[in-house]
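Sending over a structure as structure tokens; questions will come in a sec.
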Amino acid sequence: MTGAGAALKRWETLMFVLLVAIIALNSLDSRYFLSIGNFVNLFQLSIEKSIVALTMTLVIIGGEIDLSVASVMGLAACVAAWTFQHGAPMPLAVLLALAAGIVAGLNNAFWIAYVGLPSLAVTLAGLIGYRGVARIFLEDRAIGGFPEWFNQLGQQPIIGPLTASIVIFFILFVFFAVILHSSALGRMIYAIGSNVQAARYSGVRVGLIKTDLFVASAFVAALAGVLYAARLGSVRGDMAEGFELDIITAVLLGGVSIFGGKGNLAGVGLAILVILNLRNGMGLANITGNTQNYVIGGLLVFSVLAPNVWQDVRNTWRGREI
Amino acid sequence: MRKMMMSAAAFALLALAPQSGWTQVATVTPGKDVSMVLLPKFLGILPFDQAHKGAEEAAKELQNPAALQFLGPTPQNSVAGQIEIVTNATTQGVKAIMISNNSGDQIAPAAKVAQAKGVKVVTWDSPIPSAEGEDVFVAQVDFSEIGKVMADMALSILGPNGGKFAILSASPDASNQNAWIAAMKTALKDPKYAQLNLVDTVYGNDESEKSYTQAQALVDKYPDLRLIMAPTSVGIVAAAKALQDEKLCDKVKVSGLGLPSEMLAYTKNGCAPQFALWSFVDLGYLAYYTAYALATGAIKAEEGAKFKAGRMGDYAITKDPTRAKGLRVLMGPFTVYTKDNVEAAAK
Amino acid sequence: MTWLQRHVRPEQIRELSLLLLIVVAIFFFGSLIDGYYTFRTFNRIASSVAIITVVAVGQTLVVLTRNIDLSVGSIVGFTAYFVGTLIASHNSINPFFAVAIAILIGAALGVVNGVLVSWGRVPAVVVTLGTLAIYRGVLVDLSGAKTVTTDSLPQWLIDLPLLNVLPIGSLDIRALFVLALVIVVLFHLGTIYLSFARRFYAIGSNPEAAQLIGLPMKSVVFLAFVICGALSGLGGFMMLARFGNITVEAGRGLELSVVAAVVVGGVNIFGGSGTVTGAMLGAALIGTLEQSLFRLGISEFWLNAVLGLLILLAVASDAIILQRLRALWTRAELKLIVGAPEKRGTQP
């Protein structure tokens, strides 16, 4: 246990050192970097992905995966826009969008937790299908013209310089950190992720907890989709397309094992900060497009590779066989 | 390059700016330090690189000491990427951003913030539909004109007896493609086109492979289809290749908007007897001049302002009749390419 | 226990359940679409499935070892683009040499993945999510936004996808489809009869045991990635031949189609079970659905919703059919052990 604990600690240390290095580099490189406005922008530009990364962390620690999140984001945004355009008051439209998220989550959960299909297959079908349903609502149109308060929700600061989306991210971060790290539910999620059979034999209601995970994942994705719509002030059928890979990248960079059972929310929080600061710094240095992607892709591989290579080197140094 | 469709667009421009006839034509002062960003829809396809070339040409002429930044997102991250680039450019305090907008109205909040910080926002190739957050749109050609040119090409290919045809577009969210398709549908109401029967609109997402299979699917679904109209440079080549592979080029033709260098073979072998395009090099050049003129204060973004855009001559800012709100600078002209002029243009 | 039950495991005849689903789908669409039962329909599905199948065979090997390769879409695009550029500037290049180069480029990219996974001990998802972005990024940066166009390619390459290998009446059996079939058959037989290839299964079904009996885990996983890269390279060549016009976007998102084919084809995502034939049938099922839904006249805007639902139903019914088969087998085994069906056998 202490070994694992130390490894986790090392992981977060690594992320932290990386973060400090990136921030230092950015502030040397660009005089625009160290300003409150820029820090808010840096969060705000990817805040929806960051929010969904929180629930994705829980899902992956539970030994599953949810590829459908970006499509659920799109679906929720489209439901909100469509119902609004058809006369629903905006608060009702938002509630219906969140309800659509819950329905999508229940659908995922049914096939995974009760029929027993692999989550990769089910949520891959969801990735295609929920995007398809979103497309049915909006076809080739874009819907905007939402009430001012709704747009402000995504664009105007509410506490100091922070927008509602950023505040919601921090609230959800604390909420899920408490659930994952100091509740019985959290312990059961780890138990299922490390050994589902053992968890089942020790009385964990695996089906129920998986249902919780997938409903939470889709609900939070729907919430993020609505916030995304508020930030952009207009909705199209391709909202959030392709976000799933960025979200999963952040979780894995946070040290969460893709095989479940390992990782924590602090690591993911640090990883999000690393990615956001890196993207922002590169953006301010006029490095965009693919170069950004492959720097982050390279970082993802390197951050796991480096400690392993270091360990190998050290072992060889001490003349020990692995 | 023979220009066949230029006059209509030029007349439209004059007719739309009657009160500006006596306004002074502003000349821009070269050599001012104006940092500018050229933002394409995404990186990796030829038209945007051509526009970049044109903008660089203008930058050199104007001796702008600040280097032009050509920054673009990846195709799969186009919307979020464009918003991010606009936001970062605002933080950096650039003087002007030139956007080929792929994000519809979703980019408006970020563009409005940029404007509030004193950044001039010029769109080119594809505007912000609501015109919110946009100073002026540099239109390649009049959007209703594009619809009419496509209808004319369809008529000329299908002949007076007409027939069934289908549209192969980029993505359902490409607002300029949608505007052109809408303009074409309006144009088709003219009795002249009564025999042209538009049966379907499908999307190839600007991917060669998807466009190719969509073109095949169209000929399966409509055995008596006579023409595929593709207002996208990726889609038109893929459709032409698909029909050639099906050995259907005698029966089903391809037309739309495409690059001469990519369409050469299909135009010469008769698969795509006619297609149209404007010069992306000129579009980048004009967008740069417009943004530079605005950012240096030579002109204001208001109806009637006139300026001289280097080798391309005088241009005026007018109301954009193809949108509810918004101003535009109309470039024009169109070139319709046939087997007679495509070879020279492909070079 | 019947002869069949004694010699075949239910997982091995799972392909039958997929085949059954495909037949059901074909009858279903055939009854709704005029002129569906034509060779043209067959050719459409066969051509659209060929490339995905070849890549899915490689992916199957990787998945069998309890890994995954998400970079295949970028490898396909990378090879299609660079081999295309090479052939465009050297039209006289030997066709076999061109194919060999495509396979080599793919294999080289697979080597990078394999080394990082096997010896770098980085989880495959992490490595290939990274290389998915990196390979594509390098491609875009090196390309200068140029497109490989059909007219710059030699005639043999343009004719290749239309080449009719086996004319049976008016039925075209086209070269790329035959190539895909050959790859599937070779790898199917290989993974079943070559003792070396059985290691892919051994490692995936029980890594600890495989390590205990001294299997060279690292080399086997490495090999899986290299083969997957090589087959993706071949897939890239096929894409070049079929579509002719190759942008830097070629093959983007292909990894999802390939993973879908493998998962629908019944390859266990946690390793150890599944066959390359299953992956091919998975690709064929999805290809049939995609091609037929459009013909059905379903609006463009409804396609994906219906497709997602049908994929879900296919996976579910496949799982249920397989469950039934397993139950039959277990009952037969119990009969064999206990001797009489009345006596209840206890589970070990």
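Couple of notes before you dig in:
Lettered A, B and C in written order, each chain numbered from 1.
Assume a contact is a pair of C-beta atoms (placed from the backbone, for glycine too) under 8 Å apart; a residue touches a chain by one contact, two chains touch by 3 or more.
What you see is a predicted model; the values in this text were computed from it and never measured.
No other two chains have as many C-beta pairs in contact as A-C. Placing every chain at the mean of its C-alpha atoms, the farthest one from chain A is found to be B.
Centroid to centroid, with C-alpha atoms defining each point, chain B and chain C lie 39 Å apart. Here the CA centre of chain A is 36 Å from the CA centre of chain B.
Each chain gets a centre from the mean of its Cα atoms; for chain A and chain C, those two points are 29 Å apart. Those residues of chain A in touch with two or more other chains are numbered 135, 139-140, 289-290, 293. Multi-chain contact residues, meaning those touching two or more other chains, occur in chain C at positions 136, 140, 301.
Of all residues in chain B, those that touch two or more other chains are 43, 74, 76, 172. Residues 42-43, 69, 71-74, 76-77, 79-81, 83-85, 87-88, 91-93, 103-109, 129-130, 171-173, 175, 178 of chain B are the ones touching chain A in the complex. Per the touch definition, chain B reaches chain C in the complex via residues 43-46, 48-49, 74-76, 172, 200-203, 206-209, 212-213, 216-217, 220-221, 223, 234, 237-238, 241, 244-245, 261-262, 264-265. Contacts from chain C toward chain B in the complex involve residues 35, 40-41, 44, 48, 136, 140, 143-147, 149-151, 161-162, 239, 242-253, 291, 294-295, 297, 300-301. For chain C in complex with chain A, the residues that touch the partner chain are 116, 120-123, 125-127, 129-134, 136-138, 140-141, 256, 259-260, 263-264, 268-270, 301-309, 311-312, 315-316, 319.
Across the interface of their complex, chain C is touched by residues 111, 115-118, 120-122, 124-133, 135-136, 139-140, 245, 248-249, 252, 257-259, 289-291, 293-294, 296-298, 300-301, 304-305, 308-309 of chain A.
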